[in-house]
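By written order: A, B, C and D. Residues from 1 in each chain.
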Amino acid sequence: MSRIHVTTTVNGDAVDYLCEADDTLLDVLRDQLDLTGSKEGCASGDCGACTVELDGRLVCSCLVLGAEAEGRTVETIEGMANGDVLHPLQKNFIEKAALQCGVCTPGILVAAKNLLDHTPDPSEEEVRYWLAGNLCRCTGYDKIIRAVLDTAAEMRGAA
Amino acid sequence: MVAVTLWGSLAELAEGPREVEVEATNLRELLAALEAAYPALGPQLARGVSVSIDGKIYNDSWFQPIHEASEVVLLNRLEGG
Amino acid sequence: MAKDEFEKREFKVVGTRVARPDGLDKVTGRARYGADMSAPGMLVGYCLRSPHAHARIKSIDTSEAEAMAGVKAVITRADFTNVPASDGTRDILDNVMANDKALYDGHTVAAVAATSRSAAKAALKAIKVDYEVLPHVTDVDAAMLPGAPELHQGRQQESVPEGFSQNVLARSQYGHGDVDAGFAQADVIIERSFKTAATHQGYIEPHACLATMGNDNQGDLFCCTQGHYMVRNTCADILGMESGRLRVTASEIGGGFGGKTTVFLEPVALMLSKKSGKPVKMTMSRDEVMRASGPTASTSIDIKIGTTRDGVITAATGEFRYQSGCFYAMNGALGAMCGFAPYDLENLKSVGWEVTTNRPKAAAYRAPGAPMAAFAVESVVDEVAKEIGMDPIDFRLKNAADEGTKSAYGPTYPAIGLRATLEAAKAHPHWSAPLGKNQGRGVGCGFWFNFGGDTCVSLMLNPDGTVSLSEGNPDIGGSRASMSMMAAEELGVPYENVRTIVADTASLGQNEVTDGSRVTFAVGLATIKAARHAIEIMKARAAATWGIDAEAVEWVDGAAQPAGPNAGKFPPLTVKEIAATMSNTGGPIAGHFEANAEGAGVSFGTHICDTEVDPETGAVKILRYTVFQDAGKAVHPDYVEGQLQGGAVQGIGWALNEEYIYGEDGTLQNAGYLDYRIPVASDLPMIEPVILEIPNPGHPYGVRGVGETGIVPPLATIANAVSRAAGVRMTSLPMSPPKVLAAIKAN
Amino acid sequence: MKFETPHSVDDAVAILRADPEARVLAGGTDLLVRLRAGHISPSAVVDIKRIPGMRDISQEDGGWRIGAGVSCAEMGEHAGLKAAYPGVVEGAELIGSTQVQGRCTMAGNLCNAGPAGDSVPAMVAAQATARVAGPNGTRDVAVFDIPTAPGQTSLAEGEFITSIFLPAPPAHSSDAYLRFIPRTEMDIAVVGCAVNLTLDAAGTVTSASMSLGAVGPKVKQVDASALVGTICDDAAVEALAAAATAAATPIDDKRGTIAFRKDVSGVLAKRAARIAYIRAKGASS
């Protein structure tokens, strides 16, 4: 089986890889690019643990073929911090105990960042519906929602 | 002698009252004495039991002391999540 | 043992909300979970699973698969030639690789290791299994009847009376007094039957492992588990190797809740690795997690409670029938022990039944067996209170168990916190807040035992005065932070100076699984004792340095100092100073503690919930939810709150929508997150946790386990709220909209 | 499996015609799930999103043409489309999560031919058409006629949908879509209901259409004449609800029972009609 050569941008870096036609973007990120921060929780778009940005839009990377990323821009959890400076969401998730086991955390952070990028002052309801596709089984969501709302307020104040 | 409360179905097996008395100063001696006095309890004791001694639950600690005045209750072996 | 006992003290670190040491890795994607590790030359392994609920395996032909390109090993049960030493492990082997029969939809019958996913999947398709499909049974009541399809013969325990199917494995009766006499004194008697569906822990991380095993019978295993020592011991027993030759390292764990207290993939991966001579990684799909890991029991329960008009329960009975899948699991007995545990009952008969069916073997799920029992008991308690016109909290307070009460499972309670949670609930503004149309408020209580068990901790002083702590329990709720906090508290050093890691099985002695809410209690106890051991050594080193008697040295605020004016006049020696000279004063300093930390204290919680029911669709909305639980001492309040909130929301899912749905053919109909509906963020309000701190007398800081009790009250609490909002008693879980609407219409 | 990225409709048709086992990839939110679960094993996946026009929303004859590669999130961000067909857009925006919204398409939802597809009832109630390209050129087909049974469509070999067309909405018209799910998000509709209304200047309903999802093997068109000539009063919506309940022919399955789905069909009909009416009354065009 001949593999497909894909050239794309991941977290700001130009990368290329060879993938099989049925490899998902998640497979490629994890198995070829060693970006294992995105998790496979369901492979059906129901849990959101594999959430990444594709050309600035949130997607489940398990529902994108690796070959589709040709010429596109992919942002993963590994690209969220600026060097050793955490994004305010990352900082607050640690400080406000908004994670327990942490396996859903990368997907939730990527999704929450995307929300705050275009909605700096979301309501609690907006945050809850925006994150409805990101399952968390440990926290009951309470501290996650609070951390996102607190971060939004903090970023508005800082801006 | 130590008074030991058996759970209901265990008492039925022992064909005796819910409370039996055996000679024991620790958990290991207690289980050995029970098996000797009530052979029908053997299979269940082999599968494992938990023992409440004065309100605290023990599974394995052979040398946990038991006093004459101790409240001793046998329970199905407990497991958690 | 005096040092085990609680001593009141002013805490400096314990009780604060410090940042967790695993936080940075988890927010940056660096944390390594079960599926995140790779090895050079690694193969991928996949299981072939039975499509039938019950079938005799007449033959398996793997020859075509073995000959395929990229396929390096194919295994079946025939490769597992060793007979495990214990009955329990034999069941586990039969569960991870079917013997002569497939016992449920999803039961593994063969496995393949290959160089790629596509090669492995193609090989699975090429394996030919000749099945003789057998009649099956998945419902607990049906499985108990004589004539039901039977999974096993000869496994029925001596406690089971005549007249039941061989599927009934055990019966356990608890209680005391004379229930007939008690009911005769009752003014009101209410009797109800209940059903609950099987649910899954729903951890987001599927089971995964990386196994490396050679023909020298020496191996390494990296896996997500709640207990890597258990994994080591079980796998060694299954593979017929000495446990010391297998080193198991626990990955970060992406949720467990009891579901990762046994093995599924690990022995299979080790066998594939042994046969192929290469590292093998295996990862379950979500479909496999649902079909073939360990969900809960489903149940059928009868409860009868009698009371006087003025609210004294005179007698209660319960029949708790639990099916726990295809092998023995103790669940019904736990239900029988826990259901009535919150009450002081003069006359009680409580019977638990263990039943096998053609479903995957149940695993623990936070307080296994207790939530369903509490659902049934607390529902009838609510109904009785309503019938006699009493406030449901007042009714519970009137009958609440206290210190000195003979418990439902036999022992007399020491100091317990149930009454405190009820009183806190009654005093909370939630209990008296107004309700609107179609809204109802429910309350429910729950009980769980909490455990201790084998525990081993090493605390090492580093030359610069920092501290390394090794524990052997996978961290599922922030325990590395809690251990560092307790060590820092005891040593008198800053939290940041103590780093806790979870050691592999070759680096620290045996540890019991992370279960039974045991870690903060038992490992915390061991950490405190290891710190005290290190302090004794440091005091001796200071004494030697000063040339005085070790008994003349005391430990104050992180430093050794002379115990009094008679001991001599020396400036205190800090941990840092003692560490700097430890090579001169006798060599490395380390404290350790190893014990079977049994004797944990029981735990109670009370929950309040407001719901709104849409009378036209049966949809239930959770409006408000408050949890009251006794934590003994909350070492890290954020993480205690997280346990209470998480447990409550899992309970909300169990109460409203989660269920294993089997088709007529015995296959699972909803093996994924689409139709196995766990709560999503938009389903929920904030969950308010109220932590009560009634010190556990058996722990130096008063700590009690908190991880499990939080899932016990929600099923009943929500059922009571829905029943009051809908005006009809709900007796079957989940209370999915079709069931609620049908109940409303039938009313 | 091969991965094809044709850059013209003709190239796509040629690939699909030459390889009947090939599957069209638009958003992929159904296709990839089935692919990974092993339910399908196509010989090729044909990504149509790189064909010019596939990702465009454009105005045409007063109506709206939506390319087959337009994600439902993009529809929700389009003010003009949302104003003209709020019900169609809200149906499309109910599919899956925020993440799924970034990929899923109405054309894909239609071709998936699931009885419960959330975007389909409102399209049907709006009399939408699908433009189908194939070996014999293009044809416009009523959206209602695309699905024929669960998982099956009327598309012939080599054909695929290139766009959906929503006709110019009459003055004082609007629509609404409601679905019932057990949770608040992430579920497949247990019942879906779209109502599309046109009023006269005085607010009397002059024409009404209703369609139901998840209560039959494919989307159902239900007689909504009970509303015509009324101001959507209680008696009229009750009559509409009775019509919906009567028309529903659901099955018992893991998501709901027959009785429940019939009851809820009526409930949603009432609620959707009221929303559509308020919107139509407020609609300026």
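As a convention for this text, a residue touches a chain if its C-beta (ideal position, glycine included) is under 8 Å from a C-beta of that chain, and two chains touch if they have at least 3 such contacts.
Because the structure is predicted, anything quoted here is derived from the model rather than measured.
Averaging Cα atoms per chain gives one point for each, and the point farthest from that of chain A is the centre of B.
Note on chain placement: the centre of chain B and the centre of chain D lie 67 Å apart, centres being C-alpha means. Centres computed as Cα averages put chain A at a distance of 54 Å from chain B. Rounded to whole angstrom, the centroid-to-centroid distance between chain A and chain D, based on C-alpha atoms, equals 29 Å.
If each chain is reduced to the centroid of its CA atoms, chain B and chain C end up 26 Å from each other.
For chain A, the set of residues touching two or more other chains reads 20, 22, 43-44, 46, 129, 131-134. Residues of chain D in contact with two or more other chains: 37, 184-186.
Each of residues 257, 673-674, 679-680, 682 in chain C touches at least two other chains. Pairs of chains meeting the touch criterion: A-C, A-D, B-C, C-D. Chain C makes touch with chain B in their complex at residues 157-159, 171-176, 257-259, 261, 330, 333-334, 337, 349, 351-352, 363-368, 409-414, 448-451, 453, 515-518, 596, 598-601, 698, 708.
Considering their complex, residues 121, 287, 616-619, 656-657, 661, 669-670, 673-675, 677, 679-680, 682-683, 736-738, 741-742, 745 of chain C touch chain D. In the complex of the two chains, the chain A residues touching chain C come out as 1, 20, 22, 30-31, 35-44, 46-47, 49, 76-78, 80-81, 86, 90, 93-97, 99-106, 109, 125, 127-129, 131-146.
Of all the residues in chain C, the ones that touch chain A in their complex are 17, 19-20, 22-33, 35-36, 38, 118, 201-206, 252-257, 283, 285-286, 476-478, 638-639, 641-642, 645-650, 672-674, 678-682, 684, 686-687.
On the chain B side of its complex with chain C, the touching residues are 5, 7-10, 12-13, 18, 40, 43-44, 47, 52, 54-61, 64, 71, 73-81.
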